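Below you'll find the structure I mean.
We call the chains A, B, C and D, going by the order they appear; numbering starts again at 1 in every chain.
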Amino acid sequence: MNFKDVVAHLKERHSDAIEGTDETKRDPWIVVKKDKLVELCKTLRDDPKLDYDHLSLISAVDYPPATIEIVYHLDSLRLNHPLVLKVKLPRATPKIPSLVTVWPTADWHERESYDLMGIEFEGHPNLTRILCAEDWVGFPLRKDYKWPEEYHGVPCGPFAGKDVNIPPEWEQEGFTTRKA
Amino acid sequence: MAIPQELHRDVRTEEFLLNMGPQHPSTHGVLRVVVRTDGELVLEATPHVGYLHRCFEKCAENTTWKQVVPYTDRMDYLAAMCNNITYTLAVEKLMGWEKLIPRKTTIVRTLLFELQRIASHLMSIGTYGLDVGAITPFLHCFRERERLLEIFEEVSGQRLNYSYITPGGFQYPWPDAINRKIKGFCEYFEERITEYNDLLSYNGIFIERTKSIGVLSPQQARAYGCTGPMLRGSGIARDLRWDQPYLLYDELKKEGVFRVRYQGDKTPDPRDQMVDWSLGELGDCWSRYMVRAAELEQSRRIVLACLAKLDKLTDSEKEAGAGNIIKEADRAYTAPKGEEAYFKSENPRGELGYYVVSDGKPKAYRVKARAPSFNNLQVLTEISRGAMVADLIAIIGSIDIVLGEVDR
Amino acid sequence: MIPLLAEALNPNPAGPTGVLWLVQKLVGPDAFERWGGTLTLVGSLGILLLLVVPIVATLFPLFAIWLERKVSAHMQSRLGPMEVGWHGWLQTLADGIKLLGKEDIIPAGADKPLFILGPIITLAGVFVMLAVMPMGPHLIPADLNLGLFFLAAAGSIEVIGVMMAGWASNNKWSLFGTMRLATQLVSYEVPLGISFVTVTAMAGSLSMQEIVRQQHGWIWNWFIFRNPVMPLVFIIYFTASLAETKRAPFDLPEAESELVAGFHTEYSGMRFSIFFLAEYVAMYVVAAIAAVIFLGGWHTGIGPFDAWIQGASGGWGGEDPSLAMAVIANLVGMHVVFAKAWVLIFVQMWLRWTLPRIRLDQVMDLCLKFLLPASVVFFMVTIGWELLPFESWTSDIPFIKDHLQWRLPRFAVFLVYSCLVGYWFFWFKRTFQDPFKRSVKEKPWVISGVSTT
Amino acid sequence: MGYFRRIYDVSRSILIGMGVTLKHMLTPETVITKQYIGLKTPVGTGLLAKALGVTRDANKVELNHQYCAICAAAKKLGMGDDPHEPTTDPVAVYDRYYRPDDKISKPIPLDYLPARHRGLHYLETEKCIMCFQCARACPVDCIDIEGTREMTPGLEGAHRGDKVNLTRFTIDYSLCIFCDHCTLACPDKQVCIHMGKEFDMTSFTQGNLVKNLLTDLPFSKDDRALVMKHRAEIDRIEEEKKKAKEAAKKEAAAKAAAAKAAGPAAPAAPPAAKPPEPPKK
């Protein structure tokens, strides 16, 4: 099934779940309503014509000031017709139902999105930080993220534009890097 | 392996909490597994990751498209070439350069992809032997991997983090003379595969240690998004090289150079069976191991086929694919605005995907990597329940994680 | 002092044996008159050599570790140590010096007295086994008439030391290692003991020297060739001894890929090297036991030559040989034992660098399901074999009676038997067939307690 | 029967494995041990060292070599007079170190490194034009360049190229990832930064991991002081220049003003001269 057939097939079942589609892009995508996501995904998984049994990736993309997009990359191991789902969330309160019940592999992916982007997945059994430390402050992949000066006494932050790449003993001597 | 109920009735036992890692010889890096044990039996093993997190995705947002390539090396550092190629293909898909890439470049990339797969599987097989206590196969595998690293070193100048493949071609021109050496390696390697099988794969103790351990049913493998040898070990014939061909694999598939599906018929050459056996049936540690061992032979054949194709190229084709289609001065190229692409390939560890989003600037707006080890490791809790502590090591080894990729 | 010792160690009233025989000969009241000054000098040299034996045993690990490194290196296509000395033969010494210089760390939570005592007891338990190890016709520190029994008893002292070390370390990995070790060692005592008993049943004695003497003559008089099952008893003994010395594939107690370093995780410096020393001395001890009770001890397997050794060493025939010859013959015997032991040690190393480690339940399986029944069966077979009247069958044939001795038919039976076994093993065509392919049908995920989703 | 079958399977496979290891023990041609430059040269000075066969690093990689410490070794190997020329390409290397027909390669000589080896950088200072391309191409931002394009005399101890006055060119190897983007970014006509063959830059402090490409030594305290001094000087020169510029500007402005002052007279002159004209109109 190509993209159009998938969309047509889905519209038969869930006409109200699909907000829109974009076929002009390299990977055409479907924009799904947040409330209908789980139902739609169950259809995607269970319908023998669709058979999307492989959740490849969950990623969150931050589009300040208003939205955060959650992108689901799906694939079928048997039928080989990849699909992209998108859900748009308000940036202030990014909440979305969890897909752990549909694809258990969503577990760590959702934790990662929570960890780095601050998305709250409702119904996730164990929504804790996974890659960052448990007491880390902020969500690093947001575009407006401010790097902390230090973490438990260890200086951290991006190197560009700062003098971090100077050994501490030099700074005492008043030596700093000058960037062109 | 259920715990006998009588034991609990008669003797009062206590659970034992064991913290395995992040410094442990067999967790393949800095994985930490909190194990709840009853004597030698594992009741629950919970993996904790993140000790090697260095925010690859944030770094990628602050560098140009080309500058991300060295960062991808550090993801799966045992298969850096595959990471480079996959990222490069993702960027090329984003830019719409697929048609511009010369044929020679594609052939060489396929060749390098498979050579890297051999190198990575050698590491995997060797360290798996080490995990179950056999030290010699480890060094034998490293001996052959050393030859491969020499080849990579002469091609790219580095032994581990090559960053050789960049969007548009290569960082340096492909040295044609190296073809001869690669061919020599392939011939030399053929006998070695037999040796690994004699020494490790079919060793009775090794089989006893790994069979029926960490059994991953096909249903579980699908649900947990396991890919690569994990999935094929459970009997699901899924290989992106076969199912959604990229690079040169479409051609190779049609030519019958490699087969993924189990044919079932007996072929006179036993090595042909090896190629077919890249599909396990049981989903236990041994199946997963054997998928990798069989892929050594499979990859070797693909490399030889690629070399034959390289020899057949005309001179003009050879010249066209020597370097990079992008001039160095234009290295800060931009992608179309609002465009995004997801490209996935069959890494040695499974399905590696890069999701790249552009906002029309020379820097990536968002790069997200789908790391196979990250997904495969999730299932550890499920498949290690009821195993013994020694089995837990075998299971972790058979998942074949690279923490650089899990933690990114 | 010496008479006291002699009385204590030698309950045989007919006269001293072992080292004491030589000592008495040399320092006896009429020694000078009987052999003259020169010979006494040579004899003193012999005594010196005898004193050297324990030192050699102590230094043995130096060489064994070097050999192990070289063997492993060459099996793994490496060079091994090449820097210190010729082909790195002093590397172990350098490492030992380094270990001596390291800080002696005792963890804060450790049980200090036990922690210190652990390695000492381990080493002592191993060294005491050397006391009854015959090296030559008269080179034996103490020829106890309970020698084999003493070995079995002393061998289990090591368990106590290691358990003390593992328990006192206050480390979970150490505890795991200790428990594994205790399980393993206690279990493997049984097949080990039964194979001792099998040998005793043939020799009719527990004395090590007596067991060696029983194997006098040609090579087919060695106990390993005595009947068709004896090679298998030897293999059982060898397997069990690997487990006793914690060598691969039975190195679970210190499995470095599972239990970091097992019972010696917390040990460093010299205390760690004492464990190391104990392991290598134990390797030698079990190999030497195998050489003595199965492979004829200091017999070369060449009848006349063995007769010469026995005669010249002042054997038990009663005639008095010259002292120089006695010393030489004893030394030859010692080297024969050494050579046999080294071959077995090489096999131990060879196995270690070939095989993966087995799991704890498989260790118990192997012991209880395979080695134990097999050793019992072989014990019965051996007894039955001993009762067979071979002599009467062959006494009519003058050639056999005069020249080949009556044990030859047994050797012939053995040869046919081993040819069959060899055929069974190696004549099959090697293919890539999965030997365990049939287990594929079992679909173990249905029964393994893992839920199917 | 399965019982005996299992014994047979396991013990046969053990014996086969032992055969493999024994074969490897007896065939030494596949030895892989590889030792790098400078690790195998016996010193042989002391008697004890001789007796023990202790070897020590005598052929130390010298950082203060002008370009590259491997030159000598490469020459010795007959790789051509200039090891940085393409004579070290894989073809030649392959022919030299591998049996052309054969599957098993010979052990690589101790001091061989491939032509594309990415080691520590070195810089041809006279070619550098301070274009900052390498610093910009660096993904981790580890290259620091300072200096002035002014060829003003007076920067004592500075490494003057033909075109620029470099006061600092350092690479921080605690950050560098050896991706070689810097040398590729160097403009075609004057490739001045290269990745050399040295690879050993161990140190006990992070500070010593910074290499000064102007001296090919770790960036030392003196270097730092010099850079500070030069910085002040450059600042002063800049300041002076600025002042001079300003002065010039001022002067020009003054001139202009003067010219304006006078100029109004002058330019105003024509209008001034001109205005009288309209009346003419």
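In this section, contacts are C-beta pairs under 8 Å (C-beta built on N, C-alpha and C of every residue); 3 or more make two chains touch, one makes a residue touch a chain.
Remember, predicted model here, so these are calculated numbers, not experimental data.
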Centre of all protein Cα atoms: which chain's centre is nearest to it?
B
Reference subunit A; chain at largest CA-centroid distance
C
Quick note, more Cb pairs in contact for A-B or C-D? It is A-B
Can you compute the centre-to-centre distance for subunit A and subunit B, using the mean CA position of each chain? Integer Å is fine.
24
So how far apart, in whole Å, are subunit C and subunit D when each is placed at the average of its C-alpha atoms?
60
Can you give the whole-Å distance between the Cα centres of subunit A and subunit C?
63
Distance between chain centroids, defined by C-alpha means - subunit B, subunit C (Å)
46
So subunit A residues touching two or more other chains come to 104, 160
Residues within subunit D bordering two or more other chains
9, 11-14, 16-17, 20-21, 24, 30, 32
Junction residues of subunit B, two or more chains touched:
136, 139-140, 143, 199-200, 202-205, 207-208, 223
Note: in the complex, subunit D contacts subunit C through residues 7-9, 11-18, 20-22, 24-25, 28, 30-33, 52-55
Touching subunit C in the complex: which residues of subunit B?
1-2, 16, 18, 24-26, 40, 129-136, 139-140, 143, 197, 199-200, 202-209, 211-212, 215-217, 219-220, 223, 270-271, 273-274, 281-284, 286, 382-383, 385-386, 388-391, 393
Spell out the part of subunit C that touches subunit D in their complex, as residue ranges.
71, 74-79, 82-86, 90, 350-351, 353-355, 370, 424-426, 428, 430, 435-436
Across the complex, what residues on subunit B touch subunit A?
49-50, 53, 55, 57-58, 61-62, 93-94, 96, 222-225, 227, 231, 236, 238, 243-244, 339-342, 344, 351, 353, 355, 357, 365-366, 368, 370, 374-375, 378, 407-408
Subunit B contacts subunit D in the complex at 63, 66-71, 73-74, 136, 139-140, 142-143, 146-147, 150, 153-158, 161, 163, 171-172, 175, 177-178, 180-181, 184-185, 187-188, 195, 198-200, 202-205, 207-208, 328, 331
